[in-house]
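Same chain, two partners: subunit A is paired with subunit B first, then with subunit C.
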Partner chain A sequence: MATDNNGFQIVGPKQISAPVLSEQTKHRLPSVSFAILGMIVLGCLLANVTATKDPSYMDLMNYTKAPNREFLFGTDNLGRDIFSCIWYGGRISLSVGVIATVISTVLAILYGSVSGLASDMVDTIMMRGAEIVLTIPSILLVIFIQAVLGEPTTLSIAFVIGITSWCSIAKVVRTEVRQLRKSEYIVASKCMGGSFFHILIRHLGPNFISAIMFMVVMNMRSAIVTESTLSFMGMGLPLEVISWGSLLSLSDKALMTKAWWIIMIPGLFLIVVLFCLTNIGNWLRTSVSQKESNL
Partner chain B sequence: MKTNKVVYYLKKLLIFLVSILALSILVFFISRMTPTDPLQSYYGERTEKMSVEEKDRARERLGLNDPIVIQYGKWVQNAFHGEFGISFKYKQDVKIVIGKRIGNTLVLGGVGFILTFVGAILLGVLCATHENSLLDRAISTIGTITSCIPEFWFSLLLIFVFSVIWHVLPSSGAYSVGKEGDLLDRIRHLIMPMIVVIFEHLWYYAYMVRNKLLEEVRSDYVSLFKSVGINRRRIVFGHCLKNIMPTIVSIMAISVPHIIGGTYIVESVFSYPGIGMLSYESARYGDYNMLMVLCMMTGIVIIFCNILGQIINEKIDPRIKANEITERSEVSYGDGQ
Partner chain C sequence: MSENILEVSHLTHYFKLNKKVSIKAVDDVSFQVRKGEILGIVGESGSGKSTLARCLMNIYEPKSGKVLFEGIDIFDKKAYRENKKFLQTQRQIIFQDSASSLNQRMKAKDIIAEPLRINHIRTERGSAEAEASFQLKYVGLDDSFLERYPSQMSGGQRQRIAIARGLTTEPDLLIADEPVASLDVSIQAQIINLFKHLQEEHGFSIVFIAHDLSMVEFLCDRVAVMYHGRIVELADTKSLYEEPLHPYTKDLLSAIPIPDPILERKKVRPDYSKTVYDTEGQLKEVKRGHFVLTKEGGEAVENK
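The block that comes next holds the complex of A and B.
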């Protein structure tokens, strides 16, 4: 705020230069986030190179050791090397995130576009249905479905998270489709006998994809959180399947032995990944809205 | 005009009732589809030693042998009389078990909810009035980081620092043994769960307030007021904030499910005896009667708040036919519950 010394203030739309500048900085590619995320992903993919030990080997001579030169991030209560567990566990945690997101996105696009193209009544019923599913706290829904499927595995947990988290994307897809469905090119495509999937892939998809990209990234973020929360609470992946969440499920014992590294290190990796994803998501969102305002 | 309004509210009421009916069917059938053995929660370890006939008799007695549709019919009938059956695990009327614990959750969730929004509004105003300053950017960065920390991990961190290292706060429960009536003791137990509940949601809503307010201060009347000589504080609090209040209220209504979902996890980590932990237990061990009541309770609150949010939105802007704001706020926080 520009104030001059007489206590008067200059009023009016003259301070526009500041926000414009910030717009520019806001839409900058979050290169740091991409770089960090890329490094972590690469480290996990090449886990057999990055890891210094066999992650599932329980070194009973060296359990609950603080970080030192041999065990870079220390060992957990079972004597597993945390440094190696992080990279191998990251494979599981990140792939749960990716698979769950793919499942939920595909479901959401199908459900949303069917609902958007359907008649008003079918549309209302489908959307109410989605809302009702949203009202069940998703953690309970996940517990139910996981119980139906039996012992959790990486794939089944990704599947469960995927099929419980599509509702909000579906609603956005539906809104977009509803706006688009009367456009000439879609009517034309229908008249020429274009099938549902043809219209979806050729005409609808390219139009709504930018609107949901942000949500897709955010969904990946929440899938990773859900997996780690479930594994932590003992309802997700068992201890033998190493993921960032299941590493943290040992934290009860870690609390008693004051082994901070067992809690801190997997958690920090988790947060860094989530933070990078959030930054990328926000960048996608602002770049989309920028496009819209220019139209 | 008046009949229009009546029809409008009747319509909303109808949607509310149908949603609740659908929810009850959904939860009833899904929970019974799971292979979890409810006898396990009733008899505990003893189930393994029971013979097939004994199990069968027990099922018969608990009404678990009827076809599922008949079970549901019976449940609805009883529910209308206010009878929700007994909890298999606690062998007590469901209402009594829930009654003992609901207070704890209401305190945690309710106070957490209020503090979250008071904090969010203050923080949002602070950031908006110092737009793009160092303060704003610092708060934004810290806020984004806090919203990325998973609830359970943040809880662990607090337990580690305050209970294990410094021994200043208790790590679990709602009160120490034998100190049920001691208010101070209860508050001490409440601090950490409350901090987690608040911090997990604070920045998300503060950010919304900030952005809404930034849009608002760009409007022409702000220049007018400034040229008339009204000071900034009065403009921001007396006018801008007042104008965006309806939006904030509708966001508050929609945020209820997220905060409820958040308390579930927090309660489980801190073994805080509230209904969140109870529903987690009952879902895991097949305590059907309990589960139904808990799901219906949270469902009713959530559906009610959603409809309330819609009504407020439609009041503010009659053009919104679809629940657009609902969608937007669900965009990034459909998670973590």
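The block that comes next holds the complex of A and C.
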């Protein structure tokens, strides 16, 4: 210790100050993304307060109006107030994202852990099955299943997106479980009589959740995109159900009338939400991998 | 003679490498564990000690042989199913590496209470947390460890947690698979003393697997020596250490370092690497309670 005993000098290993983390390695919380996303989510949840007009009311006197005092974001060519539509539509878009993600994550965790804990042959069959599903373009699969289910509603769209987007997460879960299953604490837990769900919830889950967190957030993003794509193509939610996608589906007419706000404003909201989700996902990924490298 | 808690007869387990090659990890092993005794199993690396332990815990399904635990045939599917809860609570295993036998993402209290939660056991101490705190005291740790994660503890403390987890269901048989091999010497002594103390207090049986011979001599009542998957000698500790009969046991015992540098340097060591010992024959009782692997009709096997 370098106290004030003069005449003595420290030889050998010198005291090393704690390494200073540079800005790049710190992985700061993406507070701006969180704030923007939080504001948008809050605005959608409190849509009856934030929205100034009834979103489904078609004001035939004021259709295709540019943004102004009364119609903050303008009106579309059916005379609906876009500002109000954004908040109400966000409810649908975001809930499709959340519900689809919950469905696909639960499916992926179950499928992946069953496959990971099963014998080699069952595992191979299950994984090849998942790969076959993965090779079919998901949008095609969604359209197909939706056609079987009939008239699309918010829930059915979320369900269909959910059950078509679990494969890649399941593969990651399976790989993690495969590594973990020989761990002695899992062997010990089995000896004590731990059931499949006990081991999944107590031992496997906490250990692989960080590996899939990034993918889960990205899944929410792609679910919102898929819903918008479907609605834009006219195969998703019907026009009278307002979502960001169905708002965008009016854009072909909007382009012809040079009404930029009809396409730009819902598109901007969509992109901002996706950007925030990507940011948060990236932060989760880097902070998790950093935590592990600190071990 | 007290009653046997565990009876192993002709247990054999092979590991298949491919279609043609398989390794005999445990080969025709028979022994008994009496109630309340500590049986040591020693042998070199790869002699099948851990495989034997895992067979006893139903982790591996052996190729042939029978294991009776309190009279229950543990490899008989029907008997196993009928006595599942009994088997799962009355046999417990402690592994070598405490770092990998404890889940890094669980707190000590959850690790210790895990067997209780799985088997839905209500203890007289009420909550699972009270039980965890009690067991912690039992293995010599205080309540401040309840909230800690395995990564916040030292190796010896972690091994104590693993022992506490094994003890929560108050088992009749504890299988300790090299529980001290990954610890340093002073901690080893602590853990061994802990085992001895716990055994005296609870009166359960322990199958203690180790490769440290002096530790086994200190702790165990009887010792089995394993070599290439077979038990070559099984005897009371005193009898085995005083007059080893099988050549492998003799060589193994001669490898115990003497805590005197002058004597230790003078010692002539046999060349182990080239010696191949015979693993043919059957265990024969040479003296009372002293079994040695003997060839058919012959005396104790000679060194080839």
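Note that in this section the second predicted complex is superposed on the first by the 269 of 295 C-alpha atoms of A that agree within 3 Å, B and C clash if a C-alpha of one lies under 4 Å from a C-alpha of the other, contacts with A are read in each partner's own complex, and residues count from 1 in each chain.
One rule holds for everything that comes next: a contact is a pair of C-beta atoms (placed from the backbone, for glycine too) under 8 Å apart; a residue touches a chain by one contact, two chains touch by 3 or more.
Keep in mind that this is a model prediction, so the values were computed, not measured.
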Superposed partners subunit B and subunit C on subunit A - clash or fit: fit
Subunit B versus subunit C as contact partner of A:M192, first or second or both or neither: second
Partner chain(s) touched by A:H203 [first = subunit B, second = subunit C, both, neither]: second
Contacts of A:M218 with subunit B and subunit C, given as first, second, both or neither: first
Subunit B versus subunit C as contact partner of A:R128, first or second or both or neither: first
Contacts of A:T175 with subunit B and subunit C, given as first, second, both or neither: first
Contacts of A:S183 with subunit B and subunit C, given as first, second, both or neither: second
Which superposed partner A:G267 touches (first subunit B, second subunit C, both, neither): first
Touching partner for A:S138 - first (subunit B), second (subunit C), both, neither: first
Per-residue touch tally on subunit A - higher for subunit B or for subunit C: B
Least Cα gap, in Å, left between subunit B and subunit C after the two complexes are fitted on chain A: 15
On subunit A, positions contacted by subunit B and by subunit C: none
Subunit A partner contacts - residues on subunit B that touch it in the complex: 15, 18-19, 22-23, 26-27, 30-31, 33-36, 131-132, 144-145, 147-153, 156-157, 159-160, 163-165, 171, 223, 226-227, 232, 257, 260-261, 264-265, 268, 279-280, 283-284, 295, 298-299, 302-303, 306, 322, 324, 327, 330-332, 334-337
Subunit C residues within the subunit A interface of the complex: 57-59, 84-85, 88-89, 91-93, 95, 97, 100-106, 110, 114-115, 117-119, 151, 165, 169
Touching residues on subunit A, where the partner in the complex is subunit C: 183-185, 187-195, 198, 202-203, 206-207, 295
Contact footprint of subunit B on subunit A as seen in their complex: 1, 9, 11-13, 18-19, 22, 128-129, 131-141, 143-145, 147-148, 150, 165, 167-168, 171-172, 175, 214-215, 218-219, 221-223, 225-226, 228-229, 232-233, 235, 248, 251, 255-256, 258, 260, 263-264, 267, 270-271, 274-275, 278-279, 281-282
